[in-house]
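Would you mind keeping the following structure in view while I ask a few things?
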């Protein structure tokens, strides 16, 4: 099948993001991606799902997987509040270790480090995270 | 969240039905269903997905999970050829063990035995399998 | 060895085949292939260990019926061990357990078959 | 014991906590609770065995930062073992591995910590 697409609509149920990581595993295997990349994609999806569930103030999110010859594209979409990414602080462990510092705030950073490209399209009608993982020629 | 719904659109990729069994696991846990029921629901979903992939001659299928207080409803939907269930033979192992007999043909039987209710709505525009698993009061 | 078969060993005249992961058509065919080879070299007793196959589909399991048929012709035996609850239930519904015993461990399986 | 913690044991003065399944906020809180109890009874060396937690999220892992902070105050130590590739990578990105060693097995971890 040419460029298969998977679409998931997931409600806020504890751990429902694991549905999306399983999807990522099956698709990665189909695309012959390495186990390392599969783990990175899964983690990036988990973080993006959790953000949408926690911060967007909506009851459901949408995840699209688009397979092409040279990459996997994953979109995590909510129709919630949106946010201004430029206002989000970059976390570092030394600051987090100070007394009373909020330990959270790692999601965006993790996604940025784990994927090849990440784009946020966010406004008052919601947020779409579009991220890609490249497939090497030898994979 | 009241009566959450999950919707999956899955293309024909090997083992993609495992996305749906993972969904079933997460939802079953959320509903406090027994491990036994979770296994039965997963197996019924696998068989229905495989049928849609193999026989409907379409490139994608849709799976809906509808959670309510007293049961889980799962729909497996394709927009394919449809079939006449009354023409499907009930399988039995003695016949299957005869030389040259087709060993396959167990899917509908398994689904019927594993779920509490199963309905097929099938015509030339496709097939919808609607199946339910009851939640006991003590679950 | 394929990634659907974890291990093959012979003990006390019993061929033990341990499967790995989703037991679908690919895994079923892999077991059938091992079975065919071993039967050609004279083996007639088989124990299928499914500890790492908690999920199956009826296409994979149907291939086991082919094995049962072939074993009947030579008066051979196949048994199973470490079945997940839903896998044993599936085998019951399909009637496979009328022809094959299910044992609680590889050791017990080998002892009973040999 | 909760279903997110598989085992807790003390060996050579090291508390070994083995987690189970998805390491999310629930699992993180469960580890924190065990940690708090053990620290109250005077333990300062902890080994977290994550062999059965191949999937984590940053909420769960953030709770570990809280533990690191508390351990710094008493000059204690936490280390990890049996990390899946992606879990170790996540710990690297977050900087947790600057403060905690990662060992290849429970045995080695106990030896190095004790």
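So that you can tell them apart, the chains are marked A, B, C and D in the order they are listed, and the count of residues begins at 1 in each.
Just so we're on the same page, contacts are C-beta pairs under 8 Å (C-beta built on N, C-alpha and C of every residue); 3 or more make two chains touch, one makes a residue touch a chain.
Please read all numbers here as calculations on a predicted model, not as lab measurements.
Q: With one step meaning two chains touch, work out the least steps from chain A to chain C.
A: Tracing touching chains, the least step count from chain A to chain C comes to 2.
Q: Where the centre means the average of the CA atoms, what chain is farthest from chain A?
A: C
Q: If you average the Cα atoms of chain B and of chain D to get two centres, how far apart are those centres in Å?
A: Chain centroid spacing, chain B to chain D, equals 40 Å.
Q: Just give me the whole-number Å value for how far the CA centre of chain B lies from that of chain C.
A: Taking the average C-alpha coordinate of chain B and of chain C, the gap between them is 25 Å.
Q: Centre to centre, by mean C-alpha position, how many angstrom separate chain A and chain B?
A: Distance between chain centres: 29 Å.
Q: Touching two or more other chains, which residues of chain A qualify?
A: Where chain A meets two or more other chains at a single residue, that happens at 14-15, 18.
Q: Taking all chains into account, which pairs touch?
A: Listed in label order, the chain pairs in contact are A-B, A-D, B-C.
Q: What residues on chain B touch chain A, complex-wise?
A: My answer: residues 1, 4-16, 18-19, 22-23, 25-27, 29-30, 59-60.
Q: Which residues, counting only chain B, touch chain C once they are in their complex?
A: 14-15, 17-18, 21, 35-36, 39-40, 42-43, 46-47, 50, 91-94, 96-97, 99, 103-107, 109-110, 113-114
Q: What residues on chain C touch chain B, complex-wise?
A: 22, 24, 26, 55-59, 61-63, 65-66, 68-69, 72, 84-86, 89-90, 93-96, 98-99
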